[in-house]
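Let me begin by presenting the structure, written as structure tokens, before commenting on it.
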Amino acid sequence: MRTDWLAHSILCAGVLLFALPVWLALAGSTQPADVIARGEWSLVPDLHGLGIYADVLRNGGPGVTPLWRMLLVSFGMALAIALGKIAISVLSAYAVAFFRWPGRRLAFWVIFLTLMLPVEVRIIPTYSVMAGLGLINSFTGLTLPLVASATATLLFRQVFLAVPDELMEAARMDGAGPWRFLRDILLPVSAPNLAALFVILFVYGWNQYLWPLLVATDPRLDTVVIGIVKMIGSEVQTEWNRVMAAAVLALLPPVAVVLLMQRWFVKGLAEGDK
Amino acid sequence: MERRTIFPGRLLPVLLAAPQIALTAVFFLWPAGQAMWFSAARQDAFGLRTEFVGFENFSDLLADPLYRDSAGRTAVFCVLVAALSMGVALLLAVFADREIRGRAAYRTLLIWPYAIAPAVAAVLWILVLHPQVGLLGRWLNRHGIAWDYRLRDAQAMSVVVLASAWKQVSYDFIFFLAGLQAIPRTVTEAARMDGARGWRRFRTITLPLLAPTVLFLLVVNLVYAAFDTFGTVQALTGGGPGKATETLVVKVYRDGVVNLDLGSSSAQSVLLMGAVIALTALQFRVLGRRSAD
Amino acid sequence: MKRRTLIAGAAALGLHSRARAQAGRARVVFWHAMNGALNDEVNRICAAFNAAQADAEVVPVFKGTYPETLTAAIAAWRAGQAPHLVQMYEVGTGSMLAAGPAVKQTWQLIQESGIAIDPAAYIGAVRGYYSLPDGRLASMPFNSSTSVMWLNADALERAGLDPAKPPATWPEVIAAAQAVRAKSAAPTAATTSWFPWIQLEQFAAMHDLPFATKANGFEGLDTALLVNAPPFVKQLDRILAMAKEGTFRYAGRDIAPDPLFYSGEAAISFNSSGSRADIVKNAKFRWLEAPLPYDPELTAAPINSIIGGASLWTMTAPGRTPAEYKGVAQFLAFIAQPARDAEWHQNTGYVPVTLAGYEESKRQGYYDKNPGADVPIKQLTRGTVTPNSRGFRLGRMPELRNIVYEEVERALQGQQGAQAALDSVVSRGNRVLREFERANRA
């Protein structure tokens, strides 16, 4: 195979474009905060400064709980959102795609219309709903409103509609009821989509900012993204090295999920897009 | 699109859909209804005094030249972000689709940034571009280029466009790559036999076959640029200098959350909802056409 | 395995808050916007209060930036879940005063709880900002700063200036900046943080100029901006001229310009007195703190500057008990103690809000060890507080500042002159004030 220099150089440039800011964060995290604030830091990490990672994980930063704790909250939240959303949207998409029932179209359009309501507009009303339900400052309150959005339902509907009629006819010949069909046929067939959606929703949950900030008043419910913003001072000088270390650590879990599930993620996305 | 075969039963599907519908009602319909009501009212921040004003909030907005400017700016911003992220992603995808060594590694290295949080992405770009703290920003200033995105409209706009587009390239890349791989090799081989080369082959064969993906991504990118870039813009420029980077969502946030003008911000939200619904409808048409292909 | 860990984690998180409410103690929730090292300091004060008595327990909670805290407090009040105490930035004072039954003003709290807090103990410029026109305290002064001029002594010396005699007036500042530039003593001669607050609001107060009608809004919601009057135009013109000749550099909004001074790049910086701790930590050069300059053509004796920072508001909620309000009052009385005030002042860099806290710090020798640290207090207590130097009572003040930023940034880019920029501020600002008035009329 002849080496395709053009392709290599363009792809390398792309890789660099993505890696550079993260590399800077990595390099910056190992250098003293005041050096960064003065803009006198360098591109080369100072290996002696790597201790900051253990420090941040164990002690957090000024005014925030230890990072391991925030990472755990973020992980729990992302997982709960991803699994919760997949569960309810698989069921509702199943109902919309494989059944006829009164109000089906209405339900579908209601879900569809609320697809992407900007979060700023419903913050105050949503908060009052949560307060009424007594869910402020709880893990449920943190996750439940984020489980509600309709994107996953619409995606599964597309996937389910694409399942060949023959498959279902065959299953019904075998005497399979709705539950068995869902469990034994539909879910295995849609596995790549489930995996893809899991990745997307995990990343979505992990990256939330505005809602967790508003609904969780207990610092023990702080997610790592909240923690990073807390560490960027609005009134005091920022300890940039801690912020950068926290940013690097906050990147790792979602990146790991994307990379570990890369195969299904890419395949599922490509197939779901029909 | 409808299925020919279905399961019988009426109660089961209602039960299956119930959790989704309940959540949607509680967390979307109810708040959206409140937003509609607020948009027709004038109310103080604490909700102590409410006055029904009909469409006054809307007519004030539409008569405000600053709002119209903001809408125009948002359109420009969205088009720039979509063009930049899709252009870069398509370029990378075309080359990652070639038979070259280390293809899998390249793909992995181009996909992972999908996982970066917008808030974190903004922090990363501050480290690069800030005129004092950022390494590139300092370098530019040292070499006689007056780089300061906090006082130059055009620089500010390019910074927010760059940071917003950067975050979206991975996503577009995944779709373009999938789209390219779905093109049967026989088609491109046939074109090669016919003597179509390089750019011409791409333009006459690949691009038309990729059109559905382009259309789909265009809608997704426009929606992303219009709504999901709030954190990035807010962290980088806060909408300034002047109003140079104030998009509609930044304005909603400022009027609603900082300025506590519920009536106007709700009216803006309702207008944005209309835009989202229009864009989503467009997306569905595109999606629908794709499945028909 | 993962699932079990998670469930355990979630359970621990959920149970935690309930376990903390101890029997018999009134629980006082305190929302604040102090992050970083200041957050630690708030936690320390609350812990000290909790250890000092057994009636109430204060639970401090960080709620994000000031605007985020305000939004959260409003959303919580509307949902009947407001915190007992919320920290509100000074420019939110107008909004909170219009909040009617949502807040219990400090004078009322004092009256009901019987806990004595004497308004006269507070520094006039601090008290004035948070008081009703008749002198009753509406909210509790907490973290206050004012703005000062920071000078890089090394750079001034390189420019052939005597750091012992810092420039006191604007012409002197301009001359010093020109000397710095002529001798290349520093890459940037002068810069400013918090442009609207320092260059216009403080300017108005110190020169006893009205910023808005109706005593800067203290006497009614039907107030209108006066900030396009000639003295303000002259002030903005001065800064635009400096920017043009290269002796002033605009480096962004709020605290964005701070690093310019810390890094030694700027010789002169106008900034909050609260940045002292950061300067101590970061500056690798000799520096000094001086009063803000004044315009000698307007006055020979500038009066007090105004404060920045935030105060504490007591909020209401259904079912809130007298014991809880009493706990709030006890906490407010606790932090007002001279020793506490002095400690907060010295640990954070904010000014002492009480005269006794200032005296206490003096007695402890704090200002001998930290020369210049009393400049802000001296500037705040200079002259007699007038209706023009009491502070501001304007609705949607954050938006007004935002408008100033936008118009000044356009002027700095040469898109408009000083008069046009300030005319724009007035016309746009008055629209905001009218909208606030209509929304808040009883």
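So that you can tell them apart, the chains are marked A, B and C in the order they are listed, and the count of residues begins at 1 in each.
The definition used in the following text is that a contact is a pair of C-beta atoms (placed from the backbone, for glycine too) under 8 Å apart; a residue touches a chain by one contact, two chains touch by 3 or more.
No experiment lies behind these values; they were computed from the predicted model shown.
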## Note on the structure
Of A-B and B-C, the pair joined by more C-beta contact pairs is A-B
### Message
Using C-alpha centres only, name the chain that sits farthest from subunit B.
### Response
C
### Query
Once you find the CA centre of subunit B and the CA centre of subunit C, what distance in Å lies between them?
37
### Inter-centroid spacing, subunit B versus subunit A (mean Cα positions, whole Å)
16
### Task
Please set out, as single numbers or ranges, the residues of subunit B touching at least two other chains.
132-133, 257
### Query
Out of subunit A, which residues touch more than one other chain, so two or more?
37-39, 123-124, 229, 232
### Task
Give me the residues of subunit C that touch two or more other chains.
68, 71, 74, 78, 259, 263
### Task
Could you please specify the touching residues of subunit C with respect to subunit A in the complex?
6, 9-10, 13-14, 16-17, 29, 31, 33-40, 43, 61-66, 68, 71-72, 74-76, 78-81, 83, 254-255, 258-259, 262-264, 274, 277-278, 281-282
### Query
Inside the complex, what are the residues of subunit A that reach subunit C?
34, 37-40, 61-64, 72-73, 75-76, 79, 123-124, 127-128, 130-132, 136-139, 213-214, 217-221, 229-239
### Query
What part of subunit B is in contact with subunit C in the complex they form?
42-49, 51, 131-133, 148, 150-153, 238, 240-243, 254, 257-261, 263-264
### Residues of subunit A that touch subunit B when the two form their complex
1, 3-4, 6-8, 10-11, 14-15, 17-22, 24-25, 28, 36-39, 41, 43, 88-89, 91-92, 94-104, 107, 110-118, 120-126, 129, 144-145, 147-150, 153, 158, 161-162, 165, 168-169, 172, 178, 181, 203, 206-207, 209, 225, 228-229, 232, 240, 243-244, 247, 250-251, 254-255, 257-259, 262, 265-266, 269-270, 273-274
### Query
Can you list the subunit C residues touching subunit B in their complex?
67-68, 70-71, 74, 77-78, 95, 98-102, 250-253, 256, 259-260, 263, 265, 396, 398-399, 402, 405-407, 409-410, 412-413, 415, 432, 435, 438-442
